[in-house]
Structures are given as structure tokens and as C-alpha cells.
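Each of the two complexes below includes chain A, the first together with chain B, the second together with chain C.
== the complex of A and B ==
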């Protein structure tokens, strides 16, 4: 166990964590502002990956354009989902859980029926690797991770300073008061849902070339996002970002020592440990 | 002061109950169709699963998305105990329920004291991870193939049929007794407003963990029967598919009732088994239907038929 290996695991984990942070921040936004558990979040990611596949492989468009198109598609889809489904069922936990769950199954089945269970891959559009001091990264992962961090920083700044961002924060803190003050809470909700899903779509656009694409690929990211969000504190973007880095390191470390199957079990272990010792998460607010 | 009719008090006309029970008892004697008997057994299994899910997710309000995990735990436990200890199937089924209950207590302690969202997340994660372990840890769990050659109660279909029927009646009776008793009212109170019930002096965490434990025990119990009946157990029993079926059955029939899941379980099981030529499209139809029902018509069939008995 040379120190170089440990550093490599650590850095690799940070990079992977950066990738996860995209989807996780999307989920934490929706959870924090709308207080809705969106079990279809993984399927937004999956739909984004398929959209990226068709845009890049079939239509052979420029990857950057493909990324924007994917984000747009997922965003519009999410607006419809919010309007039709989430709005009506938000009040009852059982209804919203079952509705988003069946939406996730519906999208998985629809894609499976239309395009088959075949595992597809997208060729990476930023080929090659970089090496520093004996540690190699592939460029695709590195660029994706850095982009994620930049975009999220931009988003956080907008939420803290921008006008609409202030509205989002107001709705998160006290929905009734916000509507009394004249903020159209419905519009804020639908936009936040769209942004959260669009973040998942953006993650899909960047990450699709790195992993295999198949209809059931939405569930692992969903669970990992849940674990990250619990670790970081529901509703807190900063906590989620920090948690996703920790999570990435733990996942890479577990995969290195015990094999990648147990990395999935490590998700659950982290979740349970956090719930036992500090359910609020790192930077979370209320839990009761 | 209102006087409730028996139909309103019990939630279901006792005549209908009696007739359906008699019908179920008589069926194996008037038909030679083993497939029909098999479908009814399967429906009874899902009745217990759905009613147990409903009492935790519908009455109590703690949505348990990992229900399949306890079903599968019961099934796998039975497989192991039969292999290692050569126990009688009756005892190992009970132990299957017990193991599922123990796991649920563990999950319950960690997440039932927190906000309801946490419970949803933990249960679905638990189920997915168990499923993943069962599928990949081939040396212990047999992987995708599962475990085969589990002894059964009897090779005769009729014995299994009446055992399933009896088990179903017993489990429904237990759940019905819970719902109609003080515990049932406590659960509804905790569902409505947990703080108010705590202020009234109820130890809400205790009742939540208790309900979840009962729900999981019944799921594990029927999982044990299922393993014995089929003779094999696969990771499929732990998968989201089972939980999804349970959700669909509960909502089609009517959630937060005991008889709703029964109706839903029979309808969906019969549809799924007899429309087997439709098998490829079953999941997409079911998910679309469930989505529409949950959004537009969450009451379920039982509230349509027995309007006066349910809100």
C-alpha cells in the first residue's frame, strides 16, 4: 500500500465525486424547495443518457451542442412531469412516492420496449489521458468533473445573489410567507423541478460516454444520490457537494479493496451510519 | 346519532365475504384446472403482501418501498434453514418471518424516528442492495439462479392451495383485528398528525416500529411459504418488481383499507397470469395505469363500489 496508491484513490474519488455532485445537487434542490422525494430522478438521468446517445451517435452532432440539447430535452420533460404529476400528489407522501416510482418504471419500460435492452456505449469525445506525477486521469472524466464543479458554483452564486435565486430561497424557507409576499410559488416549484432534472440531464450529457447505457441504468445513480443527500443534509447544496466528494472517495476506495459489487453495499452502510450518528447530515437543517 | 350498518362498520358486507370464502373453498373440488389453482395461490400470496404493505404505508403513512426485501428475506431464510438444519417447513417458515422482522427492527430503529422521507429512502436502498448482493454473491446466494430444491410442504397442489388460503385468512384476520382495535386508531392518528399524537401521550416511535415489524413479519412469513411452494428462490423475489406489483394492487383496490388490497391482488394477479400473451407489455401497462390511478383516482376500486363505507 504505497502512499502513491492512496493519493491516487483519493484523487480519483474526488473526481468521481465531482461527477456525482451534478445529479445529487439536482436532487437536493428538489428535496429542499419542494420537499418532494423524486424517485424518477434516476430516470431523468437515464433519459438524458439515451438522448445523448441518439444525438451523438445517430445524429452525429457536435458534443457541446448535444449537451445543450440533452439538457433542454430533460428540462422540458421535467416541466411536464411537475405540472401533471407532482403538483397533484405533492401533499401525500404515499401518492407522490408511488407516482414517481411508477413514472420511473414507465420510462424504463418505454425505452426498453422501443429500443431494447442492449447495452450501448458512446465513444468518449475528449479522448486521451493526462498524467501528473505518475497519476493518470482520462480526460473525459476530468473535464466532466471540472465542468460539474464550475456549473454548480455558478448555480449556487445565482441562488445566493440572483433575483430568481432569492425567490427560490424564500420558497424553501417559508412557502406560505413567500406566497403572501407575492411570489408565484407554483412557478418557482416548476422551475426548480426543471432545474433539478436539467442538472441530472447535464450529468447524463457529460457522463454518458463513461459508462454503459441501458434502460435500467437509472436506479444506481438514484440510490447513490439518496445516500449523498442524506450524508450532506437534505436541502443544503453546499453539504451535498461536500458529501459527494466524500462519497466518491469512499466508493473508489471500497471498489479498490473489496471489488465493485461491495461498493454498492457501502452506499447503504454510509447511509445507516449517518442516520445513526448524525441524521441531519453534514450541513442539514431540520429532520423531524 | 348515526347508527352504522354492518356493512359500514365492518367495511365489507359480510355476505360478500362469506360467499367469496365459500367460493374459494369449493373451487378445487369443482375444477381440475391446476393452473387456476396456481393462480389463486399466487393471488393469496400477493393478498398478504399487499395488505401487510398497506398497513404500514397506508394506515401509518410510512411508505415502505423495500417491501420486497422482507418477502425475499423470508424466502431465502427458509432456503438456508431447510438446507442447513433440516427443519420442518412449518418451523422454518415461522423463522423466515422472524428473520424478516429482525431486519425490519434494525431498519426501523434507524429511520422511523426521523422524517418520513428518510424511511422511504432507506427502505428502497435496503431492498436494492439486498437484491444486488443476492444477484452477485453467487457462492452464497446462488446468484441469478438462486437456490433450488427446497423441500415443500407437500407435492399435492390441493394441500398447498388450502395452506395458502388458510394462511391468507389468518393474516388478514390479524391485520383486520389490528385495524379495528385501538392500535389501528393510533396508527391513523400518527398518520394524521404525529406531533399531536405525541402530545396526547402516545409513544409514536414505538407504534411505528411495531407496525413496521408486523408488516415485515407477515411479508417474511408469506415469503417462506412462497419459497416452499415454488421449490426455488431467486433474486427476483427481492426485486423492485414485487414491490411495484404490491403498490399497484393496493392502489387499484384502494389504499388504507384491508379489503382494497385483497381485491387489487386478485384482479392484477389474474390479469397478469391469464393475459400471458401480453407479457412483454405488462409492466408498461401496469405502470401507466398506476400512474393514472394515483394522480386522478387515488381512491381505488373499493371506494367506488362501497361508497358509503369508506371516505
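== the complex of A and C ==
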């Protein structure tokens, strides 16, 4: 076993973890502020992928414009979902979970009816590869991973320092008090839901060219996000990012050393061990 | 006046009822089972479309024994429980004469039990486990109703042999596949084939059906340095795997079993990253029989995408073979149809269909074979067999 191989596996795991964090942070943001388990989160990612397909492959628009349009489409869609569905069901955890799950099923079938069941894929728009000391990564994957870290860092900084960010933190800490202090909680919630979904949309725009897209593709990322969010600590953005990297490194490392069939088992074993030691997850409940 | 009206209504009702019964007796109802929704619905849709296309063509020529084939669909979603529920509903409620289709051996085995218990003919067009036709061998009297035009797991293994032994002349290989029963069957058959030849397996990996990240597996392949990599990821993950294989510059020759990497519409959209990916296909748009090219043209025109050569072709041929068997039997008596099917000798799209003693369509020279191809710049070069070859193997030249 060469040292370079270990480095390659570790860096590959970090890159994969960065990709996972992009969708997972959106889910934890919604969970932390709104106390809502959004089971349609994977669907926002899936819709984002199909929006990217339409924009880049069918409409043949510029990829950068396409990325912004994808984020915008998913963001606007999420605003409607929050206003019509989540707001009216979130007082009961079971109701909102069932409602968002039903929405996920509905969106899958709607996409299937519109785009059919034929597999589709998108050519990468950040071409080429980057190699360092024999370790090669495709540029699309690297850019997506780095962008994820930068966007999430920017979001965290904004929420810590920005005015609206303070409002988000107040609603997260005490909704009633925030309302009494004049903060429009509904506006905060709808924006948080939109931003959370927009992160999934951004992930879709950058990641869709790496994979194949199909109507039921939202479920695996949803399950992974859920596991990562629990591992990191529900509502903790920092914990989610850390958990994403752990997830990525363990998954890639296990596949290399023991075989792919053990990758998920290893990840969930680590999760159980960490939860036994720290029941609230790696970084507990507070989101910032 | 009122009496005449009443009599008239009664006659009308009697006429309508007898017309309906007469119309139904002019129909041959066949239950079509396939995963029409869910993650494997792409394959399921191909199966359904192909069977429907075959049925339409048969009906346009007068149907079977003067009856128009009426297909009644059931969505199995790739799950055995749903397959069983559907088979029972089709048989008991819809009163179908027989069953066709399926996808996934687990579903096929479950449906086979229902078909056998109800003495209904079951034409399996897409499920590869040897256990399916193994039932016929185990208990002929109980399971004689099962026939299979689909390839068997061993055929998947044999389909890549020429690439491993003749084109690459490999001494070692790595096997990576979806984590399914079929994959494990294929690997066992692969080992049994290559071990006596002295071709060594350096490693195997089974990935989740929904997997989309393969960095760990690719690092392992690079470290082991096999002469060839055999890939059985027929679903959506196959595209991600190919893209990552290309990006990681794993320049080891690799061949994918029939699946997503022999779908021209998908490969076109992958673009450059499909280069140097070899594939085994159970059919291709080369003149395997006089029916092959017309089928490819008609299918593409009708559905807007090309056949991938397995789920679609074997399902189309399965419907044609079934119709032919009923015609030759001269009646719908299932025992007569079984005897007629056992004597099948029919040229389909994929080749010549003759069933062996386990009701499996025979594989080999003069029966059904495969082609081996390689994608280069969006074109599928046929490498093998020589009769249809359009090019020679190209190694990845990138540094």
C-alpha cells in the first residue's frame, strides 16, 4: 500500500463529502430553523437536475446562466411549497412529514409523465481533469466540491453577521420571542425553506453532469442527507459539514479496503458508535 | 306501447351483452408484467413498449387464430410481492390466457409459482437467473408453463468472453457489479468459465443499485492493475461509473454487460466520456436476421430512441414467439401450446429461437449470440463477431 494511495483515498473521500454537504446543509437548515423534516428535499434536487437538463441540453443555454436559472426555479418552487403545504401542516411533525413525502411522490410521477422513463444524462460543462502527483480528478467534480464549501461558508457567515441572519437565529432559538420582537416569522420561515431548497438546486446544477438523471433519483440523496444530518446533529450546519466529510471518507475508504458492499454498513456503524457517545450528534442541536 | 318499449329495451340489452361477449371471445388477453414506475422503470418501459409493438404488428396481420391480442398491464415496480399480486389479479380478475414480461429474477420466480399453480403460460422476456428455467428441470409437470426468450446469467458471462480472451487476451480481471442476485450469479458463472482457462480474478466489488460515487472502487481497480475490468452495472449507476472511469484515467480496458452503456441515446448525451467504453449487446442494428434492421428502424421511429438490444429485443421476440406457438398449436389449449412452443424454430430479431429441454432459448452459433462493441467518438464500433465487425479495438491513448 503506497502512501500516495492513502492520500488519494482520503482526498477522494473529502471531495465526495463536499458533494454530499451541498444537499445535506439545506436539509439541516430547514430542520434547525423550522423544525420540519422535509421529505421532499430529494425531490428539489431531482427537479433541479431535470431543470438543468432542460436548460443545458434541450434549450442549449449557457451553463453559468443555466446554473442560476436552476437555483431560481427551485427556489421559487420551494416558496410555493412552503406557503401552500408546509405552513399549513408544520404544527404536527407527522402531518408535515406525510405531506412532504406525498409531494415527493407526486413530483416524481409528474417528472416521469413529462420526461418519460428514458434515462438522460448531461455532458459536463467544466471540461478536463486536474492531476497532482498522479491523483486525477475531473474539474466538474472539483469545482462542485469547492463551490459547496464556499457557498456554505458564505451562508454561515451571512447568518452570523447579516441582519436577516440574526433574524433567522432568533427564530431558531425562540419563535415566540422573535415574533414578539417584531420579526415576521412567516417571512423568515419561507426564506429559510427557499434557501434550503435552493442549495439542493445549486447541487443539482453542478452535480447533474456527473451522474445520470431519472425521476426517482431524489431518494438516495434524501436518505444520505438524513443520515448525515443525524450524524452531524440535527440543525447544526457545522456538524452537517463535518459529518459529510466523515461519510465521504468512510464510504470511499471502505470501498477501497473491504469492497463496496461494506461501504454503507461501515458508515452506519460509525453513525451508531458516534450517536452512542454523543446522542445529539457530533455538534449537537444549535445551528450556528 | 309501453309493452313494445319494454320488449325493445330487453332485446337491446340482450344484443349488447352478446356483442360484448362475442367481442371478448375475439380477444386473446395476455397479462403484461413489467416495472413501469420506480428506479428500474426505464427497462420496464422498454419491455412494455416492445411487447405492445409486437402485439400491434400481430394484430395488424389478423391476430392469433382470428383473435386480437389484448395486453393488460401490471406495474411490478421490480418487487416480487407486487409481481405476485399482479399475476393473481391478471389471472383471477382479468381472466388472462397467459403472462409475459417481467424484469428481475426475483419477480420472475415469484410470478412463475403463480403461473404454474394456475396452469397459465408464462413467457419470461427479461430475467436471467438459472433458477427460472431451473424450475422446469426440477419439476417439469408443475413448471412446464414457463418459457424464456431472455438470456440466462451464463449468457451474460459468455457474451464478454471474446473481449477478454480474444481481443484483450487478458490473464487477470476485476469484476464490479450491482449488488443483486443476478450479479452474483453472473460472477459465479464468470469464475467457472475463466478459472479453468487460468484467467485469474483479482477482485470483485458489489455496489448499491442506487450508487453514484465510485471513487473507492476505482482506486482499488487502479491499485490491483487487472488486464481487464468486467462491469455489470446495467442501471443508472453505469453512466456515473463510466464518467468517473474516464475522468480518473483508468486506462485499463473495460467492458460492460448489456445495460445502460449500450443505449445509443444515453451514450450520445455522455459525449466524450463514453470513449473507449466497450460493451456486450445481445443485439445491434446489424443484419443478424432479415428482421433485425427493420425492427431497429421501426422501434426508433415509434418511440424516439434506439433499442438497447436486450430488454426490448427479447421482449418483442418473446411476444412474436408466443403468438407463433399459439398459431401452430391451432388452439388455446395450453398443453397443445406448450408442445408447439417446445418445437419452436423461428427467426426473430435477435437470432434463431429454439427452446432447450428447460424451455430456455438456446444460445450459441446458429441460435442466439451477442455482439461486442466499443464507443469511440459517439459511434458504436462493432468488434466481434467478425461477420459484423466495423472496426478494431482502440486503447485509451490519453496520458
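Note that the second predicted complex is superposed on the first by the 264 of 288 C-alpha atoms of A that agree within 3 Å, B and C clash if a C-alpha of one lies under 4 Å from a C-alpha of the other, contacts with A are read in each partner's own complex, and residues count from 1 in each chain.
Definition applied: a residue touches a chain if its C-beta (ideal position, glycine included) is under 8 Å from a C-beta of that chain, and two chains touch if they have at least 3 such contacts.
Nothing here was measured: the structure is a model prediction, and the numbers come from that model.
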item	value
Which of chain B and chain C A:255 touches, first, second, both or neither	second
Partner chain(s) touched by A:109 [first = chain B, second = chain C, both, neither]	both
Which of chain B and chain C A:181 touches, first, second, both or neither	neither
Contacts of A:263 with chain B and chain C, given as first, second, both or neither	second
Which superposed partner A:4 touches (first chain B, second chain C, both, neither)	neither
Partner chain(s) touched by A:212 [first = chain B, second = chain C, both, neither]	second
First (chain B), second (chain C), both or neither touched by A:64	neither
Shared chain A contacts, counted only where both chain B and chain C touch the same residue	109, 219, 261, 264
Chain C-facing residues of chain A, complex	1, 5, 8-9, 12-13, 15-16, 19, 57, 109, 112, 116-124, 129, 131, 136-138, 141, 210-212, 214-217, 219-220, 251-256, 259-261, 263-264
In the complex with chain A, residue positions of chain B that touch it	57-58, 61, 63, 65, 110-111, 114-118, 120-122, 124-126, 128-129, 132-133, 136-137, 240, 244, 247-248, 251, 255, 280-281, 283-284, 287-288, 290-291, 294-296, 298
Residue ranges of chain A in contact with chain B within the complex	31, 35, 37, 39, 84-85, 88-89, 92-95, 97-99, 101-103, 105-106, 109-110, 113, 219, 223, 226-227, 230, 234, 261, 264-265, 267-268, 271-272, 275-276, 279, 286-288
Complex contacts: residues of chain C adjacent to chain A	36-39, 41-42, 44-45, 176, 179, 203-208, 210-217, 219-220, 223, 236-240, 243-244, 247-249, 260, 263, 265-266, 269-273, 305
